[in-house]
Amino acid sequence: MKRGLGLYAVAAYAFLHLPLLVLAVFSFNSSRFTIWQGWSLAWYRAALQDGQLGEAAWNSLLIAVASTVLSTVVGTLCAYGLWKRDSKLLSGSLYLSLVTPEIVTGISLLVFFQWIFRFLHVQLGMHTVILAHIAFSLSYVVIVVMARLRTFDASLEEAALDLGATEWQAFRRVTLPVLAPGIAAAALLAFTTSFDDYVITSMVAGVDSETLPMVVYAMARRGANPVLNAISTLIVAVLGSLIVLSERLRES
Amino acid sequence: MDLVLELQGVSKHYPTHQAVNEISFAVERGAFFALLGPSGCGKTTTLRLVAGFEEATAGDISLNGRSINQLKPYERNVNTVFQNYALFPHLTVRGNVEFGLRQQGADQLAKKVRDVLDLVQLSGKDDRFPAQLSGGERQRVALARSLVLQPDVLLLDEPLAALDPNLRKQVRGELKSLQRRVGTTFLFVTHDQEEALSLSDQIAVMNKGLLEQVGTPEDVYLRPRTRFVAGFLGAVNWIDGIGVRPEATRISRTADGERCISATVRSSVFLGNCFQVETVCRDGQCVVAEVPRLDGSFAPGEPVHLWWDPADELRL
Amino acid sequence: MDLVLELQGVSKHYPTHQAVNEISFAVERGAFFALLGPSGCGKTTTLRLVAGFEEATAGDISLNGRSINQLKPYERNVNTVFQNYALFPHLTVRGNVEFGLRQQGADQLAKKVRDVLDLVQLSGKDDRFPAQLSGGERQRVALARSLVLQPDVLLLDEPLAALDPNLRKQVRGELKSLQRRVGTTFLFVTHDQEEALSLSDQIAVMNKGLLEQVGTPEDVYLRPRTRFVAGFLGAVNWIDGIGVRPEATRISRTADGERCISATVRSSVFLGNCFQVETVCRDGQCVVAEVPRLDGSFAPGEPVHLWWDPADELRL
Amino acid sequence: MTQLRRLFLAPAGVIMGVLFLVPLAIMLAYSFLTRGAYGGVTAEVTGDNYQRVFDPLYAAILLRTFVMAGTATLGCLVLGFPLALFISRAGPRKNLYLQLVILPFWTSFLIRTYAWMFLLRDTGLINSALLAAGLVHQPLPLLYNEGAVFVGLVYGYLPFVVLPLYATLERLDKNLLEAAADLGARPWVTLTRVMIPLCAPGFRAGALLVFIPCLGAYLTPDLLGGSKTVMVGNVIQNQFTTARDWPFGSAVSLLLMAIVMVLLMLLIRRGGEKLV
Amino acid sequence: SRGAVRRLNVFNWSSYVAPNTIPDFEKEFGARVRYAVYESNEEMLARVMSGNSGWDVVFPTNYFIEPMRETGLLAELDHHRLPNLGQLDGPFQSPAWDPGLQWGVPYMWNATGIAYNKKLVPALTAWADLWSPALSGHMTMLDDPVDVFAACLKKLGLRANTRDTGELRRAQHEAIVQKPLLRAYLNAEVRDQLVSGDVLAAQLWSTTAQQAIDASPQIDFVYPREGFAVYPDIAVILRESPRKELAHQLLNYLLRPEVAAAIVVAARTATANGGARAFLPEAIRNNKTLYPSVEVMARAEWSQAATPEIQRLRDRLWTEVKSS
């Protein structure tokens, strides 16, 4: 049984990793097609020189960072508040937004922005994308931080009060530090979901807010393109090492 | 006498449950005061009312003669040692002990911390994190953290419950001597009558949110006011309405004196320092006698005579 | 005599730790056998070796004279009552009790279940889920679940530890009488010497993975072979190499007889059925005497004389 | 505490209100209006958008979507459980293995889908390999069919079941498994009668986390399914682009939401676990 | 983002300009152009629909002009700012969809035919060939109701712009019959699959087909016997644009013969710019894919905007095809 499980795991991991591995390998292929014609960095050069890609990557990064910071702060406070005493309406809508199909979220936001823009003339752009991302990553953050809070011992806070700390000091100096790992995890999740999102972004993006996934999508639509393999590999490498790094930090 | 803490007709009613009902008692300065009662009787709630984590539904709590009902926990000069110690996991021993002092903006932190850690024999472990300490050490950190603030009353919620039984007896002794040394008033919650008897100057026995009796260990053990108190503080044989404790129940092979009951031994269990002899009277009632080991044991089936000194009867 | 379980030179070495070292003992059929020792001494590991959850590094375990080293847990006719009871939360009381029977493909399930539930006085609660039961009831379900399979040996890992102290004493009695009624062999792990003494016919005392002594309660309490055993089973005064238990340490105001030590009372604590009198000898050594309450107490500072019956000395 | 708490909840409340509830409300409103001649909406209140939803055509699409999402979910659970079990048994390496499950999913969903297109095409790697090995003589039609969509969905959502299942397995009291063995249960019985039932919460959470996104999926059917099949997601997207029929699109979206909510209620009722 | 430098946001089909078209414009007019590309009219519409997307110039296909105008997305052109309008080919001077060229300037045009692999014998000549079981699993159609229905209608010998619901239904039947034979409904991405041989025959736009042909000698393109639809892509200025002047300057710039010619050479497209012909190399001018002969063009049918009713019916029928 034990061995069977092991073999299965090998197969499962192959299933999970092969596709990207293949992508990575062929990103070094000198040929456009899936016939191996020898090593080459041509596609990487192409990817790195492509101005549109660079800008899109930069946009994605800005958006991800901004929305992560905001949704993490707001989400953490919210989780804490809900943990103190549940608010049916708020937690309800959080759960609902968590399980709303992306397409619906995207459409509803698009409709919403158009509708309010009738009244105040604002253009779609970074700000709308960031708002949208906050809207959908908020629930992730709350859920993750909440999971951490469930294992948080309320008497720690009482102890702080008992030792003369005010409620705010207790939160600031005891609750937050203890929750830190959970918050970090939440932030990581928010960041990647934001960095990865296409469906919602493509609906609320404006002229100056094309993101990496949007460019990738357009390229994928145009058919096989080794430049895409190169970008994908770069993203996997960069994000992957980012994750590993953060893991290291958390452990130490 | 100098009362540091006074509760007058204090009640705490939860929507679903009346946890504490009109209890009143007073604690003398420097006393080791125990709140004793079965699980769920309202001990912790009472403690939390004093600490200020719960608001009393009725009644008045006063510290040094001044009412503190309106004060927030961080405005009351009492401190709590929580049942699970509630040490801050992200702070070192020093960090934990300093926490309260910083809130007060006290001076010479370092010295105060050093002194209190010496007091609880934890010097040298200042830089450990709670996770790196044994159960006993954690408990001592919790004590130090509160004691360093020199509270008027130190509240302890089953401080020994979290310790492994072998450790418990030892720590019990240390706790007592510590209290004697620092002279701080201890208000101490437990459901273990042996603990309460061995530690405290005064015991308040609670049951179902009500205060049954307050008194010295001897009072509550030898002169219980209610059947509950009598039973909760130790085993009792109830013989036609009269209560006699097993160790006061004398047992002999020969009938001497008139007022004695004849019975037969059902079983005799060796408990180390004594034998627990279970006998059955004519009327089928079961009476347990505790015989010091040195007085020897009795064999099952042996006919015996039971008697006791009227002075040892429990009068409710 | 009829041995049901035999361990011969059994060891369990974990990469990091030698949990059990070459222990050997035999359990008689129908006996109530206790494994007593401090936390971490290897009791649970020993039990798990017998149950088959761990594989012995060395030595031989035999059941009814046949070696069972090679058998998987589900092939051994022994059953375990886990410390946390390990009841299946998704099954009702009946479901839990039936579980083992189904595996055996036994017939008349219903009857067997009814009988065993009667035995542990749980009839009528068959359809409750574990979450809907009190601690004591859960423990009884765990017992029923195992007893219904009529194992050659029933293994119990601190079956009382999970209960609240007030309940513990009562359940202890029930457990004993249950064992007498069903006559199943109980192999019982505890770190509470009072529990071991009051329950068992035989006690094996373990320490640091080694077996220190096996014997009746009287043997291990009165005739301990090692200092560890002597100390673990109860308090001991060590006076120039001779061990005397507090309750055997006589204390009197007048010196009678020659072999007696003069000392002064330091403190006297009321423990209900007795006073714990702490005295200090000339040489500064501290000796504790346990005085039956009825013999009255002593005041701190009183000069007293200590003596004991040589027969009460512990000879190692 | 109350005032501090109110302060803490306010921002989230505002965000959820403005960026989630209000948009939904607008869609609700739209779903009762009529389509403008050239898209957009005109302020004529009507209910036919909802009638149209129940037209057999869309009912069939809804059904197909459910079947597809259902099978994908099942696939994820079946494939995910053994993996979760393996990880929970992996001892010190647990975290590494867990990271390995998650790692591919730090990459864009599109890239992962694209990788599969790359593998499954006639001249893609799998077929090239099969041909080279002489196992087949002409390439198998791997891409552009429901099979490909299934693979894409399963691949895309596997971790969403592995994580909760792993969590429950971690919380699972090992004694329970030992108890089963102790009572004479062979490994298989222990697995089916004790372990799997006790993982019910994990299965439930996992199923929800996979099933719902699958309901809304529209890129996977397009990219891997060659647009030959429509799922509800495609219908919605189509209404807001090609068809330019926002009211109907809104109606379908809200219907989907309603279904999701009902599912959620049922699951929360049963067992009442939190999702995460 | 307003600076001294003038900015212009242009949203165009992929590979629809020459590498230096935009840079030259920027230099000449001291402007900074943000140039992004899309793959389908829907994609573009979805982005500009909000009326505040920030785009200034987009290039919808002619049948999108009417809806976009009706929903108030388009700005009216100022002909004084477009002196080069005269360069347009005859047919584009006053087209059916916009007689006065009020709303847009025809940019490039495009026809749908069949791109196929030469190894197929006999060579494909008609839409009907895309119904032949022999090619089952190796054919694709465009993922767009307009194109697919046009092909089906033509196969039936009907007008691609028909307003007759009955005819549309017959076309739908054809589509449903054809679907099982198809590998997929693909747009531009089919190009590489043609080149790599995954796909042997595909309904495709002439310009995309030309790119495939350039990539592989194996590919050829045919304007089907039954006739085919022609789609001009129109350069329009969005009403929301706050930079109408610069936008006009771009349109006028794109109308310059040499600019248009350069684009054709680079992107291999068919321009609506008659003046450009003169600048085109022989090879391209006679390229039968980009510039079919007169007799071929006789079979062409210029696409028109469908009425909302037809559009709606077509979408529904299309959904039925997809879910069949």
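The letters A, B, C, D and E name the chains in turn, as written, and every chain counts its residues from 1.
Operating definition for what follows: contacts are C-beta pairs under 8 Å (C-beta built on N, C-alpha and C of every residue); 3 or more make two chains touch, one makes a residue touch a chain.
Please read these numbers as outputs of a predicted model, since none were measured by experiment.
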Give the fewest steps needed to get from chain D to chain E, where each step moves from one chain to a chain it touches.
1
From chain B, what is the lowest number of touch steps before chain D is reached?
2
What are the chains that chain C and chain D both touch?
none
Of all chain pairs, the one with the highest number of C-beta contacts is A-D
When the centre of a chain is set as the mean of its C-alpha atoms, what distance in Å lies between chain A and chain C?
56
Per the C-alpha means, the centres of chain B and chain C lie apart by a whole-Å value of 26
When the C-alpha atoms of chain B and chain E are each averaged to a single point, how far apart are the two points in Å?
89
On chain C, where are the residues touching two or more other chains?
none
Considering chain E alone, which of its residues make contact with at least two other chains?
46, 49, 193, 196
Taking each residue of chain D in turn, which ones touch at least two of the other chains?
121, 123, 240
Checked against the stated definition, the touching pairs are A-B, A-D, A-E, B-C, C-D, D-E
Residue ranges of chain B touching chain A (in the complex, touch as defined):
51-53, 72-74, 79-80, 82, 84, 86-90, 99-100, 103-104, 145-146, 149
Which positions of chain D touch chain A when the two form their complex?
1, 4-9, 11-13, 15-17, 19-24, 26-27, 30, 79, 82-83, 85-87, 89, 95, 97, 99-119, 121, 123-125, 128, 155, 158, 187, 208, 212-213, 215-219, 223, 233, 236-237, 240, 246, 249-250, 253, 256-257, 260-261, 264, 274-276
Chain A residues within the chain E interface of the complex:
32-34, 52, 110, 113-114, 117, 121-125, 202-203, 205-208, 210, 218, 220-225
Could you list, by residue number, the parts of chain D that touch chain C in their complex?
173, 175-176, 178-186, 189, 193-194, 197-198, 200
Chain B - residues contacting chain C, complex:
38-39, 164-166, 191-194, 197-198, 217-218, 221, 233-234, 245-248, 269-274, 276, 290, 292-294, 309, 312
